[in-house]
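Have a look at the structure below, then the notes.
Which chain is which? They are A, B and C, in the order written, and residues in each are numbered from 1.
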Amino acid sequence: MTTSTTASPGPSAGSAGASASGTSRAGATSAATTGAAATPPSTRGTAPTELGHKARGRAVKDQLARVVMWAAFLLALVPLVWILWTVGSKGYHLLLDAQWWTNSQRGITSRREGGGAVHAIQGTLIQGLTTAAISVPIGILTAIYLVEYGRGRLAKAVSFMVDILTGVPSIVAGLFVYALWVTTFGLQRVGFAVCLALVLLMIPVVVRSTEEMLKLVPNELREASYALGVPKWKTIMKVVLPTAFSGIVTGVLLGLARVMGETAPLLILGPYTKSIATDLFGGLMPTLPTMINQDRTEVLQPAVDRMWASALTLILIVLLLNVAGRVVARFGSVKR
Amino acid sequence: MSSVTGVSLADETPGPHGSAPLSGDGAGTGRLGDRLFGGAAKGAGLLVIALVTLVGVFLLWQAIPALARNDANFLTSREWSVDGAHPRFGIVELLWTTVTVSAIAMLIAVPVGVAVALFITQYAPAWLSRPAASLIDLLAAVPSIVYGIWGLRTFGPVFEPVQGFLQHTLGWIPLFTGAGISGGSTILFVGIVLAIMVLPIVTALSREVFAQTPVTHKEGALALGATRWEMIRTAVLPFGKPGIISASMLGLGRALGETIAVTIILSTLPDGAKWTWSLLNGGETFASRIANNAAEFDTPQKAGAFIAAGLVLFVLTFVVNAIARVVIERRKAFSE
Amino acid sequence: MKIQRLGLLASVAVVGSIALTACGSDNNNGSDAAGGGSSSSSSSDCPTGTLNAEGSSAQKNAIDEAISAFQDTCSGATVNYNPTGSGAGIKQFLAGQVDFAGSDSALKTTEKDGKVEADEAAKYCGSPAWNLPMVTGPIAVAYHVKGVDKLVLTPEVIANIFNGKVTTWNDASIAKINSGVTLPSEPIKVFFRSDESGTTENFTKYLNGAAPSAWTAEPAKSWTGKGEGKEKSAGVAGAVQSTEGGITYAEWSYAKDNKLGIAQIDNGAGPVELTGETVGKAVATAKSDGQGNDLRLKLDYATKEAGAYPINLVTYEIVCSKSKDPAKAKLVKSFLKSFASEQTQKSLEEIGYAPLPDEVRTKVDAAIDALS
């Protein structure tokens, strides 16, 4: 690998400014690749030859690309820093209060300060993990089917259906589960119904990302395993999945991040309650998104503070999961 | 080609339709473990098909009675009155808003997202690469409701002068005529916010794919005298293209169906407002119109009309995905 | 390997949430009252259990206060109220999802799309469903114009502003009724509720009732005028606050909390400022429209009574007169009784609602007693 120099002339410097660092490189490249090495050294100092022109153009382009990539990265950081700063600076002080982590909002109105978010944190964790427990196996198995087993019409159909599932708007998923759970079966709205709607949203994310990762596992690995007489399922479990592990974890976490922050289906299926509720199958279950949603329609300071604080809490939880996942991915992945 | 490079997969990457990378059927030994595992994978695939079919049938079943009573042309009418014995509703406006919002989001998110992914995998110094990836992933950890609140309260006011400037200087283009909607709640602005939401999705997947580019390809390019940018253009990008398209589709799915952030930010227009092509106008996407009215679905006819809109969104995503599929297929055919 | 790792991750998370559960507490009174919540739990008419209710967002702040007060006295009871909208409340009530519904309008007795709401509710309850007026709240016409602290509007002018016929603040029709006020020439920016809402319905009912010639559209939950739509009361109020020249309609508390200008309304008997008193006066003139304990109130929007603020909405709690579940019935009764009590009603005034007039309150009280 070439070591990269960090010196990058700004676009304003243009060709003139680039010549200092540019020519040496251009000269080196042209010398290495073409017969231009034969040209007398005098040309280097004065007007460049046609080839030099070309080479310099390439070098400039290369530098330009480097600048663009850096710029894109910095540009992407702007909203990130901005959002985190906004949420963090407005929400942090409530998080420092021990009450935030130990109490619910029971009995607290938008005019009153105090109370905590423990009820919503529990709800979010329980629903997120339940959703993941259902959709990750289904998602990964489906991806395995598509990449390792599937062929013909059925596989085409599955792939197609996953595409369609990607397009299910979260609110429609909520409507669907409502019609199934409440209208058809006549059941009460409970936390588990929310999980079902979230499963619909999480499966396609898991399938698509896992599928991409599985496809990238070199066939030689599979072949080598088969050659050693390892059965296909063991090959998949012991060779293919571990190789793609870090990518799969990333995909799962992206999916989990999405469903944990999902609000729309909860508006229909998971009404908010201010009291602690941990039963997935009985009663309403509060979550952080619904808590945010409740408080965002208020203009009074206590409620606004709580809104930012619960937003920050939600971000922190997803972040922690991400870190945990990354650690798992690092230890779990096959050294390459 | 694979025999030469040793680890090339580009040409053997299984098709999106799941044609297996190699005829591994022979590897399936027919042992119990294999049959169970294969069965489970197939079962998961079938489950996905069943789920989508169920959702689709439900949507149709709910939508058809309302559509049958619709007095206006569902596809071309701009009206939306779903009450009473003679409902008149059409989706033109919703379609326009949804498509433009998503198009703006993708126009921004895909180039930036890919550039960021390239930055992380190809340009960033080793010490920065991992943290940079985590930082961008952090954007995915921000729930959409937080994007909505941040967009409305923090980003919107800042964007207002930008919009004023656009309207002032580019007002002669129909896309930028002023429509009297306050800045920070227009189609253009929502598109930008959605771009930020979609960015981490595009980046995360493209990044994983770029990272898998065979080292031999890259080193080969460099050995031939390619600059880093040329190496990326000739080795990394072609290898990663199907991945980029996949990532973009995932992102697009999110943009098309995003509900809560759009609902919070985008100003709606009253019935019978003048039609404009302006991006500086308000409007409603399919998802935000459903969300705005979900609370008041008190009759099946009304709910049916909205679900019919949801169905169109479904079909829209599907069409876009199908096109992407064709593109990937064609590209593969050429690269053989 | 992978499964073990994932298991590890999952167990860490589960342990974490259990740890949270272990120290989570619903008691938020410990710091205020030294005795804590448990001391007052055993008062005689304090049933235990959970009530779920859903509906109108216009009464959210009021019912939140009432719930807080009720739970303070009865710590064994939990009441949840979700402000999703009147239609949603009624829908969930009919689907058996909630124990009572909050609504900005009484159950409809006329047929709509083949169904009569009141009959549906009676069918679900197995007994007539009653509408109990519980909270009355004024709708403020809130504006944001620099330098204009006092603004008088008549129903006709309001209607013309909101249907887009009057477009600048210094329009002759506004200037005529606001002599002595310097009105800027800037455009009027109208904001309306983009979600379907009972507030919109009540506001358009007022416009239609007080200025029928200027506002011809049927009152409806979705907006039929002009302007720019924002989500929920907080959305419109927030938009007006940040937009010079903005005007909207919103519950009083939102206008107050956002520090917006509130227009005085002149229904023909001189300008009336929005205060608890003027609202009470208007609500007192409301006529009862129901039978027996089904207490529908009919507001006279075109009222010419001096000193009565005419734009109001009444929100109801919709309950089954005979509940299927006696335990729930006891809880509903106990909660509503506390809600309708003079003390709770009085406390609503400072948060932007008007207490029920005594005459109505006695009727409501009697109706609650008759619930079973």
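In this text, contacts are C-beta pairs under 8 Å (C-beta built on N, C-alpha and C of every residue); 3 or more make two chains touch, one makes a residue touch a chain.
Because the structure is predicted, anything quoted here is derived from the model rather than measured.
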Contact-richer chain pair [B-C vs A-B]: A-B
Most widely separated chain from chain A, with each centre as the mean of CA atoms: C
Mean-CA-position distance for chain C and chain B (Å): 38
Centroid distance [mean C-alpha coordinates] between chain B and chain A, Å: 14
Junction residues of chain C, two or more chains touched: 84, 235, 238
For chain B, residues contacting two or more additional chains: 264, 294-295
Chain A: positions in contact with at least two other chains: 267, 296
Touching residues (chain side chain B, partner chain C) in the complex: 83-85, 152-153, 157, 180-182, 185, 263-264, 267-271, 273, 282, 284, 292-302
Interfacial residue positions of chain A with respect to chain C in the complex: 101-112, 114-115, 118-119, 121-122, 125-126, 129, 133, 136, 182-183, 186, 188-189, 241-242, 245, 267, 271-276, 278, 283-284, 294, 296-300, 321, 324-325, 328, 331-332
Chain B-touching residues of chain C, taken from the complex the two chains share: 84-88, 90-91, 112-113, 115, 187, 189, 192, 194-196, 220-231, 235, 238-239, 242-243
Touching residues (chain side chain C, partner chain A) in the complex: 1-2, 5-6, 8-10, 12-14, 16-17, 20-21, 23-29, 31, 50, 52, 54, 57, 61, 64-65, 67-68, 71-72, 78, 80, 82-84, 95-97, 232-235, 237-238, 254, 257-258, 351
Chain A residues within the chain B interface of the complex: 2, 4, 6, 29, 32-33, 58-59, 61-62, 64-66, 68-70, 72-73, 75-77, 79-80, 82-84, 86-87, 137-139, 141-142, 144-151, 154-159, 161-176, 179-180, 200, 203-205, 207-209, 212-213, 215-216, 218-220, 222-223, 226, 231-237, 247, 250-251, 253-254, 257-258, 260-264, 267-268, 288-289, 292-293, 296, 307, 311, 314-315, 318-319, 322, 326
